[in-house]
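Several structures are given next for inspection.
After this come two complexes, each holding subunit A, first together with subunit B and then together with subunit C.
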Partner chain A sequence: MRQTQQHTNGHNGHHRPDILTKTPQQVTEEVLGGTFRAGSRFWLVAGVMFALLVLGVIGFVIRTGDGTAERGPWGYFGAMLGYLLTTAMAAPIVAVLVRLTKAHWGKPIVRAAQLWGVVGILCMLMIIPLLFILPSASGRNTIWFYDAIRTGWPPGAPHAWVLVSFIGLLVLSILLVWVDSIPDLATARDHAPAGARKGWYDRLSLGWEGTTKQWRMHRTALLLVSVLYLMNFVYVNFVYSSDFAQSFVPGWKDSIFPATHTVNGFQSALALTIVTAFVLRTWGGYKDYLFTEQFWALGKLLLPLSVFWFYFWFSGFITQWYGRSPAEHGVLTLLYFGPYRNIFVTSVILNFVLPLFLLIQNWIRRSILGPTVVAVSILVGTFLDRIRLYNAAFSVPNADLSHHALTPETMPPVNFPGGADVLIMLGAVGGAVFLFMMATRFVPVMNIWEAKEALLLQRIVPVLKAQLKAIGKPE
Partner chain B sequence: MADTSILGLFSNVDTAVVGADKLKEAGFEDFEVLTGSPYPEGAFGEKPVKHKLFVFPLIGAVCGFTVGMLLTAGTQMAYPMVTGGKPILSLPPMAIITYEGTMLGAVLFTIIGVIFESRLPRPRLGLYDRRITEGFIGLMVTSSEQRIGRAEQALKDAKATEIKSSARAGA
Partner chain C sequence: MQERVPLTEREVNRDLLRPVFTTPLWWWAAVGVLSVAVAAGLGSALYLAINGFGVTGYNRPVMWAFLLVNFVFWVGISHAGIMLSAILRLTQAEWRRPATRAAEVLTIFSLLTAAQMPLWHVGRVWRIYWVFPYDFGRGIWPNVRSPLIWDPSAIFTYLTSTILFVYIAMLPDIAVIRDRATGWRQGFYGVLAMGWRGTPRQWHLQAVSGILLSAIILPIFVSVHSIVSWDFGVAVAVEGWHATVFAPYFVIGAVWSGVAGVITLMALMRWLFKAEKYIRAEHFDGLGKLLSVVGIGWWFFTLMEIIFSLYSKEAAEVSFRTLQMFTWPYNMLFILFFLTGFVFPVTLFLSRTVRHNIAAMFWISIFVNIGMWLERYMIIVPGLMRKQGLTFTWGSYSPGATETILVGSTFAMVALGLLIFSKFFPLIPLSDAKEGEVLRHEIQVGKVKVPAIIREA
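Let's look at the complex of A and B:
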């Protein structure tokens, strides 16, 4: 502990690396202790989040009273699903990238990032009512084909394939958490007091013993599932953004928009992971496991992705701006310069301007608080951006879907949130946080087996007067 | 005659490596290492692990791809309507379903592959000790009753903290 604090800031402002300085037994006891037992503060926050979830359900029930004939009232509901897709469901991507690039700095944050995948349960529930308001592919520009004989092509399109993509995302997110945590579930099995919890650990750890072959299988399986999650995440973003946003706005022809949506997801994934790591470090009891290094490294990635946010948006925007056809003019007015101008400008500031000007400064990037502040800014900015995109798209009436362009007469006004919408927004955020918190009660939020691996493979080595971290990379 | 298994427990890595060397000197090349975290391959001088897990997602992906192609091409052939002036069999829309089909096939076969190759789930734990998840290293040997005594002696010579046998563990 003393060594850790000494390494946080070296003399003369030089960075000194930190490493975990505990025994394997201490790691097991501390992490499992944090998993099995939670303090009153945890349950207080969980209770508040559950209350928000209940409010969200009430909001949803109120919203169903409006029926599904028009999409307008469902704008905030669709936006919240879009928000969860680009934040909570994107967070496991950070874990995937850490694994694929074998980035050792990321090991302490991998499990927390993956655990956000449990929000897939909420996304799965939220997509069901939206399928009822998703019109047929007839008469709108979609990725699906439609004509007089084939009522939706490929068969079942668009509804069945949207559903399949969400089922795939849910299955893979749970699979990713489970496969990764099998060794830790076995550790929990060995140490949990007798009872129902131990029984579940017993079943889910599948009789894991930690043989060489099992570890080899585990590593390979983890890589495979990680790659498949990444592939499916891109697919779901593609389907949702094109079917539930682009195809609702006449004249919105932007081939880069689904890619923009996905890249926004990568940015928000990093932001959510940083905030999660900050919470775990500050209030979760994991100060000895999470160091400046994790925030610094994530901050470095956050900077280019914030620039990408602007680049991807601008690439789509500039084509329409130069086009200046009535259809493109209508799209620009709806999304950027008309009813949603203020919300758009705010999201540009929060997603691009602020992160850029803060993260280009070394002292901010190389800290714990700096990247966290930027991450919060990005999460708020993305929230506003999803509100803008999906509300604007949902507010176009069915009657105008088959038009070639939005005109000043058909331009929908800004859709201000009603009481039910506020409840839905609170419920979606509260529900996501509640699911995550509950997941941490069963699956250790800190990766025990990787923390132990780090104990084996990492050392602080003196080189002249500097202290360097030496990492043994098995592959 | 049935084989017997013994498990030598070591409190640290260094003595475990000595134990592995002693086992090899005694003629036991095919021993199992049980650890609470992954160690670099060959860290204990154990035999390399071979597996065919990569084949499973590949087969699944090929199956999914084929089903996706057949589904999309089949329906287009069954209802040959020209849409938007594009060919009957147009690849861009087929790619969407084929992509998802490929992935679903790969996912399904990966799950099957992991379960099959890891020989999981095991309804009952074999020779095992919970201290392995606390940082102990286990060296497990399975051999005939005539030879198992030599393995036990090798583990004792390496100063194993405890030696468990399947007969005693089952008792």
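Let's look at the complex of A and C:
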């Protein structure tokens, strides 16, 4: 990593900064070549992921045998949906934020981040069984109301509103990929061999010819869908974390928790994007597109978000710790000091301690391997954290929901995973990776139009004895 | 970008040092008026200290009111300054250049103003030393578990680091003034410049220390307003205060009001110091975009606070919210807070036309701070009115003349501090303005020349 740092040390070492040096033609050929054709290694990995997905389906079928009367057995299933929400479905947020802030370094990673949105299909399928175990708004703390005529308020709450949020997430994630990739789909249409693939590109590119009007509309539509996706992502996290975790634990009243869940999502989104960029660079053939700059910039963002992980947790914790009411005492015991203490400590190390001490050092941030190692740590930490939160919440029996607080007598024990739970966990991860891989077969994983834009707007210029990068800002 | 005018170093020096070396008539008039206002405030404070809290409108159980509302408000304003400066430096945002110094100095004066509010609020000012753990003789130690004791440590740490941050960033500018000053001023600036000659080693050290201080100051800035929020949040006795979201909610609220304060200040600087070439519409555009995101984020936290206070449908919480949102006069104040603190500013900041209209930005930024002052009032006063379960203690609060004058004078105090500062140091950093000129570039794209920025790293 030190070598990498020295090599790309920019003006200090009088080295030339990394910049895309292809011709537009080369970009088109290389990216579309990677999209149209995949090697045996790709199909081997995709096959393994598909097998895991099948195992997950088997695990799900076994789980349905337990019925939906009690939530306990569904803890790992709920946790995996929570995990996918805060990783795969959060990844497009990286693309949204890169776009909104016009961060020039982000151009090569936005499409890969957006493509994780196809995991919305899996999330949509997973929320359906969970709706059957979600109790009505009656007799428990909930963000919804239960009115005099004994129905949830707003009408259909909570089930209809949970469903709406997930439908919104799926539709917007697909829309985000589609709107963004229209110019690339048109390029693929013009280069694909005749056949079904070309026909699909033709239909989906909506007659794109790259006129000024089309570009203007594209920019507006992309901005609109990006903002809508961000808003819906926050809403989904609010609803899911409140309805499927907080409201299942008597006395857990935590106004910061939805925000914590969302911020954890931003952190994991960056982590997943870094790992994806590493894979694409190392095995995907995009070494000339992804440089240290992308990992460095993402690492810089990952550092404050790792600190935020601790800050948001601590802000909630200290308020409850000082309150020390029976309800708060019960919640603290369940989530931090009782059955899930070890898993909590591990996630603190993986999500906060390790990232902080590694990323605080610039030579680690300014490398490819450093941020990737931290990203893996965060993805594992978030996995454990979701297991802790959702299992702890799901394992409170229905009969205790109306209580004001958990007591030592009603404190549920650790819910260790059974065989079906292991299959479900493998299936969720495998399914998500499989969907992503399949999406890259159709939509270019490297953004062609933005790569070409970078070719136009980035130059290496001499400044005194140094070679620096100049970035055009036409807006 | 396109509004930018190329400037030489000589022009930058001449324009930005003019307020330091010349004193227009309006400056004396403003200083005079503000001094009278500050004197009135100090008079009120003295009157309060001598006669006690009976002269205010404080009434059981509302014993935290105007003074602490104002404390939270000014701590909030102080946040944006340094946050803006540190984050924008770290992210190399090009539009930061004219805003950083004003933002940092606003932090210092608003912190100094905020710090005096608890001083008057304790009533017996002469016993303020009780918050410091040195009184071995009495054997009484401050309760270190109380956030009220963390407050002074956090605020003084923040103040010290901010002064250091401003000073280090200002070194090159001080040296420029030293080289142009005569008489006692030359000696004064000579001492302050610490032998700055602009050697590569000095620039390197200055840049490294700036980055380090930026990175160190950011956690401090977050901790300060978090601790202020815990003054309220860890109290279980007051419905509406004991909310886990309070820390980030206060921090983002502080950023919201503080950056708005920076906009107010920048507009005034542009008009008063005729800094049109340096403070341009594009800077207001950047700040407006930032604020529209911050404003929406702040509103999300506000919603979380309200939604989760009703989450458990406890009678006490419901009645507190009924008082705060639906009972006269708080309903009127709540609507005013909602409109000025969120609806108008966020809606207007989303418009590019508005963001480029400096007069509009000035007035909107003032609206934001009216809303944010009211927000703190709505948290503290109705919250305390519901503190006791027994109805005979449900007193109300009407601000008296003493604390109203005192609070009003704090605005004059900050303005006076800034005006006096501008007489000694440039409010727009010379070195940053010159660096911006060096890093300007143009790229040829087809037949068009596109403005470009050379990245520093």
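Points worth noting:
Here, the second predicted complex is superposed on the first by the 456 of 475 C-alpha atoms of A that agree within 3 Å, B and C clash if a C-alpha of one lies under 4 Å from a C-alpha of the other, contacts with A are read in each partner's own complex, and residues count from 1 in each chain.
In this section, a residue touches a chain if its C-beta (ideal position, glycine included) is under 8 Å from a C-beta of that chain, and two chains touch if they have at least 3 such contacts.
Because the structure is a prediction, the values reported are computed rather than measured.
When both complexes are overlaid on chain A, the residue A:I471 reaches subunit C alone and has no touch with subunit B.
When the two structures are aligned on the shared chain, A:Q320 is found in touch with subunit C, with no touch to subunit B.
Once the two complexes are overlaid on the shared chain, A:I143 sits against subunit B and subunit C alike. Which of subunit B and subunit C touches more residues of subunit A: that partner is B. With both structures placed on the common chain, the touch criterion links A:L456 to subunit B and to subunit C.
Once chain A of one complex is fitted onto chain A of the other, the partner contacts of A:A259 are limited to subunit C, with no touch recorded for subunit B. Looking at the shared chain after the overlay, A:Y311 reaches subunit C, while subunit B stays out of its contact range. Using the contact criterion defined above for the overlaid structures, shared-chain residue A:G419 touches neither subunit B nor subunit C, since it reaches no partner. Legend: residue contacts after superposition of the two complexes on their common chain; A:G47 is shown touching neither subunit B nor subunit C. The interface of subunit A with subunit B overlaps its interface with subunit C at residues 143, 456-457, 472, 474.
For subunit A in complex with subunit B, the touching residues are 23-25, 28, 143-150, 153-155, 161, 164-165, 168, 171-172, 175, 179, 183, 186-187, 190-191, 206-221, 224-225, 228, 231-232, 235, 239, 448-450, 452-453, 455-457, 472, 474. Of all the residues in subunit B, the ones that touch subunit A in their complex are 13, 32-41, 46, 49, 51, 53-54, 57, 71-72, 75-76, 79, 81, 83-84, 93-94, 96-97, 99-100, 103-104, 106-107, 110-111, 113-115, 117-118, 120-126, 128, 130, 132-135, 138, 140. Across the interface of their complex, subunit A is touched by residues 1, 90, 218-219, 222, 226, 230, 233-234, 236, 242-248, 293, 300-301, 304-305, 307-309, 311-313, 438, 441, 443, 445, 450-457 of subunit C. Residue ranges of subunit A in contact with subunit C, taken from their complex: 10-11, 17, 100, 141-143, 234, 238, 253-259, 300, 304, 307, 311-312, 315-316, 318-320, 322-323, 325, 456-457, 459, 461, 463, 468-475.
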